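So, here's a batch of structures to check.
Consider the two complexes below, in which chain A is the common component and chain B and chain C are the respective partners.
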Partner chain A sequence: MRKLAFFIPFALFISLSVFLFHGLFSNPMERESSVLNQPLPAFALPDLQQPEKIWTPDSIKGKPMLLNVWGTWCVTCNAELAYLTELREQGVMIVGLYYQQPADAAFGEVFNLAALQQEVALKLEQQGNPYQWNILDKDRTLIFDLGVTGAPETFLIDAQGVIRYHHIGDINPQVWQQKLAAAYQSLQE
Partner chain B sequence: MRYFLISLLLLTGTVQATEVLIEFKDPQQQALFKELTQELRCPKCQNQNIADSNAVVAVDMRNKTLELVQQGQNKQQVLEYMKSRYGDFVHYLPPVNKFTLILWVLPVVMVVGLMLLLLFRRRVQAHSGAAPELSSTQPPELEQQLDQLIEQYRRKS
Partner chain C sequence: MIAEYGQLALTFALCISLALAIVPLYGSFKGHQTALQLGNPLSYALFLLTAFSFWALSYAFWSNDFTVVYVATNSNSLLPWYYRLTAVWGGHEGSMLLWLLTLSGWIAAVALFSRSLPLQFQGRILGVMGLIAVGFYAFVLFMSNPFMRSLPYFPVDGRDLNPLLQDFGMIIHPPMLYMGYVGFAVSFAFAIAALMGGKFDSTWARWARPWTLAAWMFLTLGIMLGSWWAYAELGWGGWWFWDPVENASFMPWLVGTALIHSLAVTEKRGTFKSWTVLLAIAAFSLSLLGAFLVRSGVLVSVHSFAADPDRGLYLLAFLLVVVGGSLLLYALRMHSVRSQARYELFSREVLLWGNNIFLLTATLVVLLGTLFPLVHKELGLGSISIGEPFFNQLFYYLVIPFSLLLGLGPWVRWKQQHVQPLLKPMSLVAIATLILALGTLAATQSVQANLALLGLLLGAWVGSSAIFELLQRLQQFGSVKQGLTKLNASHFGMTLAHIGFAVLVVGVAMTKTYSVETQVRMKAGDQVELAGYQFRLVEVYPLNGPNYTGEAAELDVSYQGDYVTHLHAEKRFYTVQRTVMTEAAVHARLSRDLYVALGESLSNDSWALSLYVKPFVRWIWLGGLLMALGGFIALCDKRYRRAAPNKVTAKQQEPADA
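For the complex of A and B:
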């Protein structure tokens, strides 16, 4: 009885410590996307560089690809451009979903497509261009339907247009090898 | 001078607040919007509701909530709309399922367990019987034993 009385608080203390210690290394941003294993939500959005061209779920599917949510304003996105370009050279198909931040009317900002096109072209020229094309989501409607919380985020989409994997944060060699490469390869077959 | 100050005061009246004011025709919708924006959680921030946060995604969620509420959707419908995109994480009241069951069960288990432990300890104490109290009604032999013991310890020290 005495042993038990000593052991119970001790066991509680140890389990609490393990739980809290584990929490030190967990990523609070990481959680499973609720659109996983679902087809792409309906959308009809213009191409960034050729706005007369409208992309829909039907027109983008056919090959497994990475849908990369990014913006020139996003520092981490710029940092991953070089590695994504490398992946493109290895034959990975990457499509950009451009995350346009809302124009702040209080500061007199207005959305200017021509300026944005120029900015994006310049950025991709400097850092490398991993994208087959970019979809402009000016009002973040598709971004909202995909449950995107910020940039960069990347979705792995299979040939049928079904979302197979979701990654929050940048893609670097380590992340690619550990998380995405195998999933992408399995979709190729 | 006084007129100058008054005219200065009047001038400040033209400076307008830049906060967004939303007008509702229906006070019920207004209440629902307020309730929802306080219960929905910003998925980008750590522990802020969307009423509190100005992160882009929180602003978008607020606007979407407003749109859905003004379309006449009820609370459950709006919550479902948000959860189907951002997961159970976005509502401050998580549903009871196999992952969250521990949140409900653990406190009950702890309280019941502690009560049982206390009860158990009391019964054990009652059964083993606490040390008998000495009083004037105790037999005199005990008194003698005690005297002997005291004597022994005195000699030792």
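For the complex of A and C:
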């Protein structure tokens, strides 16, 4: 018994090595999305341009759609607008989820809807407008529920309103072909 | 050509390390005198060749030789000369070469200073270190060669050193840290040599003690410098982040601290034998694990070098051979060893056992916190992250009993201590503790039942206990004056290191409790008040450095109307690497730091600034410095320089007799 006890450090080390070995072949930055294959979380948020209009999960049902988290402040989001517009022209339905950054009172910032609407309209006019409509998530509640870590991020949602894919980062022709196109096509059928 | 000479020298060094790994070990098992004696010249040759190779790489940096890939990726002709030289260890390949330099330096030092050891034992130590060296030299030569050329197409200029590393801290932090990491290889080699010989009297512990102390001292300095550097350079006002790589350096330190204390028990009382050997193996194993974590890309960290699974695989295989092999040897050899010494429940042995338990628990907490996200993910349970709150909370719980024990420890005798004689001095210490803690708090802040009070009480308990114990010990020599000359250096070192711990605890508790910070928008002329200090932004103007541009802000600080200081904070944009860096302005006093970081430019000529007032933050590094100084003083103890008694050699009945 005493003899065996002296093997404990060795045994512990070997089992640790197994994990270290596995760890070598996986990317520590990779995160698995917790909302995958779940229906969209409940929400009731206003339209960005027509705030009297309220969107709910039911509005994103019936057809496969992309839900794209973006903001005018986000450089990468602006870069993907052109390609997303191209996708829209090919018939892909894209809904924008506008990521409003918190207004910092210490810096004298206040939330100004009219200014934001103007800014967004101008941006979409210049870069192309891929969106069917934009949902304004002023307090970032839906963004939080979706587990968004930054912008841009894109969710592929099937006709029943279930999230089928969660992409972190921008969408460009390569990403679309490799990661999203096949999934989108299969949902179409 | 110089770079090629460097590579050639490194290749020779690999051959020498192979010889060092084989010849003295062969000699020790066959009783071959000449083979054993070859250990010393081989060690010196290894060091000289490595030093030459290191010089060759430094020369390539000095002369802006951008045909060398490593130089081109880590330097730039506009970089000031001193950063060009420190850029040698600014990337993976060069830092591995620094690792080799320190390793060969330790090997040469062991060869030089352990000539009085029995030749057989010395041969085994050098042989084990040679084995470790083979693994690392091969790794550098075959998997991360710093001398690789990019001829015939080479860049006109280099990609510059990462701006984070263009700091004074970079000059000394890595060398100190590596001296510590690699230094534990010596304790490791002593333990393995003892395991090979199968003799576990207290002699190996006495020989291993100064080496362990030296490695521990360097590691303490290295970690302390790293913390100070992060504080000064990152512009975040923090000093410890529980980043996986910080943890990787902290674990060997914790185990090393346990080892120092456990070695004392093994040497003086001949007990804790198997435990001490295990700690010696663990300290170096954790150093190796740290190297693996940093260089394999298994974890996310600011310190990580470019991830390369092949290198990771090599290091893991190396880890398996070295750590797995030694733990197996330990399991096979150690179970037959039993300690003879007897001691009572209340004795120094038991208290030091407690010290070890707490230090090991702390190590386990850090290890779990660092690796749990990895294990969790590999088990298919999804990604999680473990951060500051986990570590902080568990460390609060560990530090309280640990400090209470630490205050008591030095007073307690070996074998058995009666409670009665301790009552008077300990109550004196307790009274001093209360006065000191409440007095400090009343003088600087306000007395409240909070973390700061707890930290002050613990710190004062440890500190005043250490001082009283020293005074009492000195008086045993007749008078304090006489005692000062007669008491051995180890005891002074221990007292100083314990005071260092007390200072550190006070620093952490006070900073954690009373630091205040604010993010503000300021224009030239604006004034902001924080913790009684008025910060006035005088002006912001453009900067033009050798390899950066940027802005500098000038601030005047006053306290209740009296001028305190002038602060100069910078925000630099390094043009080659296209990165923004903050150079925080710090006004440091023992009682508090004023810390200003210049943020982004906002609309209408105003700037975002972060202001911090951090009471007692200097105490954290002062504590670390005192601990390292304590280690150094203990190292100066005369008895470590005494020749090994000959009876040991005679007992081993080997032809090896130096």
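The rule we apply is simple: the second predicted complex is superposed on the first by the 160 of 189 C-alpha atoms of A that agree within 3 Å, B and C clash if a C-alpha of one lies under 4 Å from a C-alpha of the other, contacts with A are read in each partner's own complex, and residues count from 1 in each chain.
The working rule: a residue touches a chain if its C-beta (ideal position, glycine included) is under 8 Å from a C-beta of that chain, and two chains touch if they have at least 3 such contacts.
Just so it is clear, the structure is predicted and the values come from calculations on it, not from any experiment.
Residue contacts after overlaying the shared chain place A:S34 against chain B and chain C alike. When the two structures are aligned on the shared chain, A:P9 is found in touch with chain C, with no touch to chain B. In the superposed model, A:L24 lies in contact with chain C only, and not with chain B. Contacts of A:L146 after superposition: chain B is touched, whereas chain C is not reached. Of the two partners chain B and chain C, it is C that touches the larger number of chain A residues. Residue contacts after overlaying the shared chain place A:A114 against neither chain B nor chain C. Once both structures are placed on chain A, chain A residues 28, 31-32, 34, 106 are touched by chain B and, in the other complex, by chain C.
Residues 2-3, 5-7, 9-10, 13-14, 16-17, 19-26, 28-32, 34, 106-108 of chain A are the ones that touch chain C when the two sit in their complex. Chain C meets chain A in the complex at residues 274, 278, 281-282, 285, 292, 296-300, 309, 312-313, 316, 319-320, 323-324, 327-328, 330-331, 334-335, 371, 373-375, 377-378, 382-383, 519-521, 602, 608. Chain A contributes residues 1, 8, 28, 31-35, 101-102, 106, 140, 144-150 to its touches with chain B in the complex.
Interface of chain B with chain A (complex): residues 18, 43-44, 46, 55-57, 59-61, 64, 83-87, 89, 117, 124.
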